[in-house]
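By letter and in written order, the chains are A, B and C; residue numbering begins at 1 in each of them.
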Amino acid sequence: CAHAQTSVTLYGTVDLPVEHLTNAGGGSLTRMPGLTGSVPSRLGFRGVEDLGGGLRALFTLEEGISVDSGTLNQGGRAFGRQSWVGLANEWGQLSLGRQYSMLFWSQTDADLLGPNMFGSGSLDNYLPNARVDNAIAYRGTFGGLSLGATWSPGRDAVNAGPSPAGTNCAGESNTDHQACRQWSLLAKYDSKDWGVAAAVDNMRGGAGAFAGLTSSSLTDQRTTLDGWVRFSALKLGAGLIQRKNEGSATTPHSDLWYAGASYPIGPVLLEGEFFKLDFKDSANGAKLWALRSTYFLSKRTALYATAGHIANSGTLALSVSNAAAGGAPNPGGSQTGIGAGIRHSF
Amino acid sequence: CAHAQTSVTLYGTVDLPVEHLTNAGGGSLTRMPGLTGSVPSRLGFRGVEDLGGGLRALFTLEEGISVDSGTLNQGGRAFGRQSWVGLANEWGQLSLGRQYSMLFWSQTDADLLGPNMFGSGSLDNYLPNARVDNAIAYRGTFGGLSLGATWSPGRDAVNAGPSPAGTNCAGESNTDHQACRQWSLLAKYDSKDWGVAAAVDNMRGGAGAFAGLTSSSLTDQRTTLDGWVRFSALKLGAGLIQRKNEGSATTPHSDLWYAGASYPIGPVLLEGEFFKLDFKDSANGAKLWALRSTYFLSKRTALYATAGHIANSGTLALSVSNAAAGGAPNPGGSQTGIGAGIRHSF
Amino acid sequence: CAHAQTSVTLYGTVDLPVEHLTNAGGGSLTRMPGLTGSVPSRLGFRGVEDLGGGLRALFTLEEGISVDSGTLNQGGRAFGRQSWVGLANEWGQLSLGRQYSMLFWSQTDADLLGPNMFGSGSLDNYLPNARVDNAIAYRGTFGGLSLGATWSPGRDAVNAGPSPAGTNCAGESNTDHQACRQWSLLAKYDSKDWGVAAAVDNMRGGAGAFAGLTSSSLTDQRTTLDGWVRFSALKLGAGLIQRKNEGSATTPHSDLWYAGASYPIGPVLLEGEFFKLDFKDSANGAKLWALRSTYFLSKRTALYATAGHIANSGTLALSVSNAAAGGAPNPGGSQTGIGAGIRHSF
């Protein structure tokens, strides 16, 4: 038996699909993608120690894996998904390290397809990458009410190419204290049958950062309001993510709307969701729908099939799939994607 | 005790030698190599879940370690040796991810020294790197008969320098569907005392790929036939790997012959093997012999000493050792290598 | 439960602070650093097998983690802290791989603050990086006497930027056998209440190596003598590390003196240490003091607060903190640092 000096849990998910995209820059594309399938693959180590009096010490080290090629996601970080240590008691959890922005926690219940290969991450690829380096985080739950906040003195010095997984902002600065700072806030209420969430995520630019956010005077802020409700086995979720991105000179303002439903039939879970991205004062936008059918072979193992379609307008050229980089249609074009895969958790 | 939510096994081998090579580009070379000793070092996580009715879910994540310096092999991949998830039942195993080509499975019984520092990998360094990214694999065993196949829509986007561990082929392409594709087939029969195997491994080139395989119209194909037989404690193995490599303009055709024997004396296993590489319509070629003596301190721990000699002809300049890059003799030259190390599995 | 085929232990420490530095190149700097807090963060796998007759097989694979961003330290090595396999019995332990120089083992008892963010590593950043690739190591303990040695045929081919964590020396060479070689020796005696240690660490340069050590004719040698004594709960430690660095044309000779004390008060451990670095025949030097208070929530979890101050002289511009790269004051300047964090071991 593998012994640890104290309680540490080894856990993970291995999820790998094959997908086919029409109209991928002029041709079709068949690939085994590495960023996500139904959920992103991961391997993690986490532990908790009871310190007495309700106090606990906790840590998580979790890496994101491109199972198709055995490489690491999040810009090659060893523990790019989560890497933190903290203390928790009845008043909440305080933790230090690389952690989820509160934007992530605001979406977990309302955006039903979550990080599916066809989904919200196709329209805003920060959503499945809403993590912050060097962050101080607080989260507390009081009955149904959850409150949370993060603050980072300087995020994300990793260069993951032009990707939100590593934005090449320079980290903490001694000459420009505002550079690369990030903060986020969350308020969320969940009862047994419904819930609502509101969150803000605000990141500052800095020299060398990607996506035009090259100065500390520029911010990229997302504000969200969403909710979910359950009628017997039917679950509905919907939300809005408003973005003000000063890194874009031409289309700083955008709205991402979504609404979806899920319904189980025996061992099969059916899910569908519709997304609408609209850039203000611009012809640019996109509509995306996605469906997914998941067949549970056990609690831990499932087969799934999923399909999606995107219609870009203006000069926008987003791919229907965020399962891997590349594969986008031509500007203003449409694209259909299908995928099927296996997911196993341990 | 380290808890996993379900059954996951942590396993590995740490194998490290010191080796000395004569005539290494003009001088001798003493080094602690990182790619292999008697076998390559590794650390892995694997799991299996019984889904009922004979069906099982399986995964493996296995990394290759250069223990001499604590770095990762296979071009720095986190799980460069194996990274896959799949299902298995009585009809076989179907899996997705980075996996062995069937060429690998065809050699496991007949090439007795396998990935030894002096051995077949010295004459064809694809042999210890016969893995494929983005692969769909099938393997089934029916009595003594094993059948298998892999297919990849686009292999190996990792750049491991000019090495078969990462050939910089561009992965799946939307503009050239044939680019970087790979397939392999296996038929193998093993009884208690003898076995035969046949396999084909075919990889296509693509823009930027190493070793001249820079176009999807070019293929590099290996075809093998081999076998083994046991007379009491004496085991004999022999085989041929025929290669047609369109990436080489001057010497596309080559044959790699090998024959070896192993014999245990108490806790010591003695092994010897002879290899002959012959390039058609060319003076280029090489002969290599290798010996190894392994002293088993336990089932899991062994000390070994090994020696090898290569004689290159024509302008070929292969090193007797594939335990690390570098250290080759001058063109047409000979080289002797000795090594000794320790291997521990867990 | 996570099963290993034999006994393997998963262990680690997650330690993360927030620190604030004055006078960091003209401004103050607030950051979450990644190299160390009170100790460097790590995750490791180690195993031991009883081979009978007092003989044991051992291995360790230990990675250094920048928890603030989830990345790996030691130049991105997967197991940059330790990566070795060996045998041990009553006569000592013989091991192969990436291992600590004997300089490291000489400091563990006398340098009380060890790898603290403000401490000896701020004045000589090789001290927390005293590891050698490709090393053969021996360590034996006979009563209170410990003896040890390492020898490497060629160290440290990893390029970690201009850092002692990866000095870009070319590893083993066939053309220049002396290039990049390293050796170290240790003699140490410890009784219940006092101990002394002496060690030498000698590394040769090679083409491309950092810090001026660009030829195999140049060596960088550290010689140390130190000791500790305990009076009831009060522990005192002091030492000298003399350096002759032929990689520096102007200031090859330097002395690093240190003396410190530690005293526990209930669950709190108070520690203080003073350091003086003096370059011979030069105005360059630095004085540093550091204090640390550690509150133990349990054996495995602690909160700590630490402060330090450095006064550089001449043109020296060392930062008070070695918790991350950067943040140095102007040449000849002073700097104060404060930090507080949490440490959890498992």
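Assume contacts are C-beta pairs under 8 Å (C-beta built on N, C-alpha and C of every residue); 3 or more make two chains touch, one makes a residue touch a chain.
Treat the numbers as computed from the prediction; the structure is a model and nothing was measured.
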item: Angle of the C-alpha superposing rotation, subunit A to subunit B, to the nearest 5 degrees; value: 120
item: Copy pair subunit B, subunit C: interface residue numbering same or different (half cut); value: different
item: For subunit B paired with subunit C, centre-to-centre distance based on mean C-alpha positions, whole Å; value: 38
item: Per-residue multi-chain contacts in subunit C, two or more chains; value: 1-4, 7-8, 10, 63, 78
item: Of all residues in subunit A, those that touch subunit B in their complex; value: 1-4, 7-12, 14-18, 21, 24-32, 43, 63, 65, 67-72, 78, 297-298, 300-301, 326-327, 341-346
item: Subunit C - residues contacting subunit B, complex; value: 1-8, 10, 45, 47, 49, 51, 55, 57-59, 61, 63, 74, 77-87, 96-98, 133-136, 152-154, 156-158, 171-175, 177
